[in-house]
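Structures given as structure tokens follow.
Next, two complexes with chain A in common: one pairs it with chain B, the other with chain C.
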Partner chain A sequence: MTMFLIKKADVGKIAQELGREYQVYGPMIEKGSGQTFFDRAEDVAEINLSAPIPSNPPKSVVFPQMERILSYEYDRTKNTVKMEPDYEVTPKALVGLRPCDLAGMLCLDRFFMGQEFVDEVYLNHRKKMFIVTNTCVTPFKQCFCVCTDSGPAAGEGYDLNLTDLGKEYLVEVGSEKGAALAAKLSLAPANDSHLALKKEKVDQSIAMFEDIAVDSKAWVSRVMNRVTTGFVKDDVWEYIGDQCFECGACTFVCPSCSCFNIADVNNTDCAGCADRLRTWDSCSYEGYSRMAGGHNPRKPVEDRRNKRFFCKLSYSQMKKYLRPGCVGCGRCAWVCPGDIGLPNVVTYVRREITG
Partner chain B sequence: MNQKPGVCTFCGTGCGHFIGTENNRITRVYPSQNHPVSKGRLCVRGWNIHELLDTPERIKKPLVRADGGFKESSYDDAVARLVDALKKYPPESIGFLASPRSSNEEQYLLMKLARAAFKTNNISLDSDSGHRASLNVLHAGTGMAGMLGSIEEIRKAEFILVAGIDITRQNPIIGSEIHMARRAGAMVVTLDSRRTQIAKLSKKFLQVKPGANRLAVLALAKTIYDENLSDAAFLSAHTEGFEKFRHAFGLLPDNEVSDRTGIPAEEIKAVARDLAKAKSAMVFFSSGISGLDEDTIGFIYNLFLMAGKVGKEGCGVNPVAGLNNLQGGYDMGIAPDLLTGFQALEDTAVAKKFSAEWKADVPAATGAPIYTLLSDPSSKLKALVVVDHDEGIVRYADAIKKLDFVAYIGAFKNPFAEYAHVVLPIATYVQEDATFTNTERRIQYSMKKIEPEEGLLPGWKLYAMIAGKAGLSWKYAKVSDVMDEIARLTPTYAGVSHAKLSAGFGMQWPVDEKNPQGTRRFDIAQAGRKLSFYKVSDVFEVPAAKEQFPFLLMVGKAQHFWHQNNLMKKTHIPMREYNATLMDYPEGYVEICPRSAKEIGVRDRWPVRVVSPHGEMRVDVKVSEDVKPNTAYAPYFVQEMISRFLLGHTEVLRQGEDATIPVRIEKV
Partner chain C sequence: MSQVLNIQNGKIVTIPEIATIEEIRDEIREVKTFYLSIDNKDIWNNFKYRSGQFVMCTIFGAGEFAVSLPPSPENDRFHITVRTVGRVTSALHALKPGDKVGLRGPFGNGFPFEEFKGKNLVYVAGGIGLIPLRSSIVHALQHKKDFGRVLMLHGARTPDDLMYKENLKEWQSFEGFETYITVDVPTPDWKGETGFVHTLFDKANLPVENTVAFVCGPPVMFNTVIGELMKRGLSDENIYSTLERHMKCGVGKCQHCAVGRTLVCTDGPVYTYRQIKTLGEEI
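Now for the complex of A and B:
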């Protein structure tokens, strides 16, 4: 594998160079509130590689919260319909992606593109993408990627991977596109001692989870079997379901969740015109799984909760994602009004807590 | 980065969010992690607010009536028509129905317009106006016309009573805070006739018979008194009028309490002891659309006062506002008898201060709330100005049709506009800087996110234009000037300005010289007065089921408010969610427990006839464990049901959530 070094002061050059060809996205801190967002950088200098894990999952780049995917015009007199698919094709570069979030995006790839049908809208967002990941040399409070095999260092799927070695970053190349960029920047080569240093940093980071990542202690592997085989008592699910406020947040913030809704909206400026919107949706909503005629296979709220945790924690879902659906980012624990983020659920299932 | 901070404008919780835009359109929303109220959470409504803010269902052009329909017009023409129409009538024939969703600045200017330009005190808030009952009690008792506690302090309360409010549905993020407090060990008790989600999440649930809330609260108070659990030193040092309240205890027939409330006497006593021994305690209730009535709220306040749980950290008697700027509406003087900051209109010094600032006299004649006028067949109301009606149903449609003139001012399409002669569009709340005051008195700044559509005026400019045509000259260069004027006239807002608010997450009033950063909660040390017990009634009639009418039917309005809400109808996902129940029971439903269903011989979704002494209706039954035997629950959200059956019971409905109708339920 080819490896290079880049001085800390120069690391911004990567985003700068990418900015010539790509729309650049990265982690940034909102000044008024101190909240980190993974968002489009109007100015690449805004990108902050030492910012904490972004509050929002980077999935919004490939799967926006609300997106016009089609517009159509129906002409009553001629009885004709004009349809325009509305694909976003601008090439995008993600700079400073956290490893868990990359794992989440790979799950989305497999959901949207790896099955029988390929989702064209997603494909167009994703196809020319350049990805620069950033190893977490320290974890954050709510992290548990170590339990879900998705961090604190990325293993595959990047073009370049950065690791903060102190004074400089180790730059690992993961693709031809990555190699070309490294060449363009004339980076200094790295050697095995740097790789060893990286390994040390990653081991240190893992060791830090005990003291730093205190919000989310989840022993994921212990519950996967039980969730897969359905060997979880009903009253455990009921205890969890009673605490769900049906807000949808856990789905929205999850880097691997892919539920969406399609709605057609009349364009009031033009008779017979309408836009087709795709928006984030959530399996925690009663209306999501409701079918015409009133039949709802997952009516009680505990059944809908059960669906989400099944999706995140069962072996059967692994066939689709080729890994657990949960990538250990801990965001759902941040935003859940019912305090039933995935780590708590894992604890309840594992210890059969029912109240 | 494209993330603009703001406030969710669906309910009175006032959660913080960030809005993303593209090409001058709203495309997304994300919770604000460090916001002191919501701390990174939003509910189903808040998470989908971008669907509303991007709706094409907007009013974009001024419209005037012509040949039975509407024709597009200009602001100039439409405003002239409005002013000419209103000028034809004496003040008592003009009315203003304000929206609890408008910003403080817009509320204030509408209030000023009604009084300074059209000389009328006929002005009131649409929807949820029952909040006034709570403010009356708290203002009389403590001088603070708002929530005494604070959402931020919920986790400091050792005891929390949730009285008659389905809080995880109405104000979900406040419900979440209560749930978090419970998980951290607080004693959370729910007092309700239906088993709500918060009832399931509480440590104790007192399932009270419909209509007996007051009695249950009195029984709690009496236990504290009988067992000598109140803080005598607190009572004598800080309160007055306890003797009068104590009088009520003597009238409580001990042996009947459990029978009439449906709660075992020992359970009531245990909760009273929990309350008394907790170092800090809060109560949440709603006096909104159909929350508790003023008398019951008086009892609740008195209970917490005698228990010594007012004015200390982690304490609070907390009315919950269902709509985002309901509290702000009252703060801005949208009531016939109020000016801003709950200052009494009849106080001549206050009226003089306003007249001097306005350079126009504040009218002295008594006004009345608009719905009172519309329901009174002998009322003189002839012309009505309505702003952003919030509901999908127009009440008193017949009376409105009979008016000579109706003007509708709003940002979103609404069925109310169909009754109007003049329709004036305004910008949405993300198209102008604005402030909103949440249920815990937090005044929050919401920065403009996108430009209004070409030619569209924000509300404050439209009101200034109307005032101009009516002969006044209002000189506001920018919307922040309006807040400066509010601050000059309102002691509780004295230290507020847009510049100060834009720096953080808002400030809780009073914001004044003594409290330049605002006031988190009512503080006994700063009160400078004794707190008075509220004057409550001493008649404890509880509606009783009779032989021919063995069920007590509760009519839930608040719980279903969002089903028929005008804004909700302009979203996709929240609308789908709120309609999920409606799809199972398209004609509405009456909820009874499995035992009652068995006795009547019906199953879920079977039709029944509900018969009361005053009318009858046919609906489907919903069978659920959430109600007790011989009680029934009907949601107030299906138009048909309201007009066919419930309107015949308006007297009962006016009494609020405690309103119950004895009925018979028959299989058909």
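Now for the complex of A and C:
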């Protein structure tokens, strides 16, 4: 593997260089709230590699919350239809992606592009993308990626991977695109001693995880087994369902949740003009599976909650993602107004096992 | 955008193809049949589907809905039969011949007809449950010699609710095709059978050995019929049905049609009752 070093003071040059060719996205601290958001950087200098984990995953870059996938114009008197697929194809670079968020994006990649049908809209966003990941040398309070095999260091899927070694960053190259960028920046080469230092940093990081991660570690796989085989009692799902506010927040902040709705909306630009919009949807909403005519096979909230945790924790979903659907970012636990973030659901199912 | 990807595995995936309504026929109250053809002749000539598959139909300015395909895959005029249940289907019913709609598909697995060779086929349809079974029935009649006995039992609420009346007449006189028709609520001039559809099983001398049954209808009818078939000794793997779900994409991405660990659009809509039992969800 090719490795380089870059001085801390120079690390901004990576985003700067990418800014020539790409729209650059990265973690930035919002001045008013002090919260970190992963967003488009108008000024690449604002990207903060030591910022805490962003409140939002980078999902919206490849899978926008609302997106026009088609526009058409129909004329009922002349019986004509003109259709125009409408995909944005600006190349984008993600700088400072956390390993959990990268794992989430790999889930989406495999889900949208790796099955029988390729999702062309997603493909268009994804094919011209540059990814720079950032190893988590300090975990955050809600993190549990050590339980879901997605951190604290990224293993695959990046073009460049950065690791904070103290005075400098280790730059690992993961693709030809990455190698080309490293060459352009004429970085100093790194050696095995730096790799050993990275391992030390990662080990330190793992040792710093909060109890929730350490306690749950051995249990996630047991719970996955239970959820897959259906050996979770109905009253556990009901207990979980009772705490669901049906707000959809967990699905929107989840790096791997990708359910969407499609609606044709008349466009006021001209008579007979309409846009087909694809928007995020959430399995927690009552209307999610309601059919025309009103029949809803999944009316009780626990049936719908059950579905989300099935997506995150079952082997049959793993076959689509080639890894667990949960990436351990902990955002669902952060936003849930009830108390059913994923780590807690693991705890509830675990309680059933241990009695 | 590349044109190549829009057609994947012979299916129209992303951008609907424009189709013209050639003719509209009234079936029963709130149900009409629309005869369609895709405008692009190359695509139309290559538009092949299997019994039991479905298409996504766009009504411009209203939206898109999933609808089963009632015509046989061969030598049958292409059409869809739709009941007004919501906004988009009502918009379709307001259209007239010559109007344009959009089509994507065909999607779904369809009936595994190669496995049915030499077997008796029993079709049990309640009300508009006959629509998704029509394709398979016509296909079976076109290849009657490949199968043993072929029976159809169709029940409706009233004589006016019997589906595909013209076809029913035709089918009743089709040699070797056993048809049984019943209504729940007869009208004064109704001379046929009265009662729920499973009450005809004895009269039909229902075969059990080497038999495949297809059941489609409202949930109440579905459960009763399946119970009766199982009681008579038909195994759950020989009972087929097609499920209906809210769908947006048709290609396994939007996940609205998830049932148990499967998606109705790609793993279904045709399931055996053995599979349905393992889904662990309401039908």
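Quick notes on this one:
We adopt the following convention: the second predicted complex is superposed on the first by the 339 of 355 C-alpha atoms of A that agree within 3 Å, B and C clash if a C-alpha of one lies under 4 Å from a C-alpha of the other, contacts with A are read in each partner's own complex, and residues count from 1 in each chain.
Here, a contact is a pair of C-beta atoms (placed from the backbone, for glycine too) under 8 Å apart; a residue touches a chain by one contact, two chains touch by 3 or more.
It should be emphasised that the depicted structure is a prediction, and the values quoted were computed from it without experimental measurement.
Following the overlay on chain A, a side-by-side fit with no clash is recorded for the pair chain B and chain C.
Legend: residue contacts after superposition of the two complexes on their common chain; A:80 is shown touching chain C, with no touch to chain B. In the superposition on chain A, A:307 makes contact with chain C only, not with chain B. Shared-chain residue A:69: touches chain C; no touch with chain B. Touch criterion met: A:252 reaches chain B, while chain C stays clear of it.
Applying the stated contact rule after C-alpha superposition, one finds that A:119 touches chain C and leaves chain B untouched.
Across the overlaid pair of complexes, the angle with its corner at the CA centre of chain A and arms to chain B and chain C is 80°, in steps of 10. Contact with chain C, but none with chain B, is seen for A:289 once the two complexes are overlaid on the shared chain. Between chain B and chain C, the shortest distance over C-alpha atoms in the superposed arrangement works out to 9 Å. Common to the chain B and chain C interfaces on chain A are residues 261, 263, 266, 281, 290.
Contacts from chain C toward chain A in the complex involve residues 1-2, 5-6, 8-9, 11, 13-16, 18, 20, 58, 60-65, 85-89, 98-100, 102, 244-246, 248-249, 251-259, 261, 266, 280-283.
Of all the residues in chain B, the ones that touch chain A in their complex are 1-3, 5, 16, 18, 20, 27-35, 40-44, 46-48, 50-51, 54-58, 168, 172-173, 175-176, 179-180, 183, 197, 200-201, 503, 572-573, 576-577, 579-580, 583-584. Taken in their complex, chain A has these residues touching chain B: 28, 30, 32-35, 37, 39-42, 46, 55-56, 60, 64-67, 242-243, 245-249, 252, 261, 263, 265-269, 277, 279, 281, 285-287, 290, 294, 334-339.
Contacts from chain A toward chain C in the complex involve residues 69-70, 72, 74, 76, 79-81, 83, 85, 87, 111-112, 115-121, 123-124, 230, 258-264, 266, 272, 274, 281, 283, 288-293, 297-298, 303, 307, 310-311, 314, 316-317.
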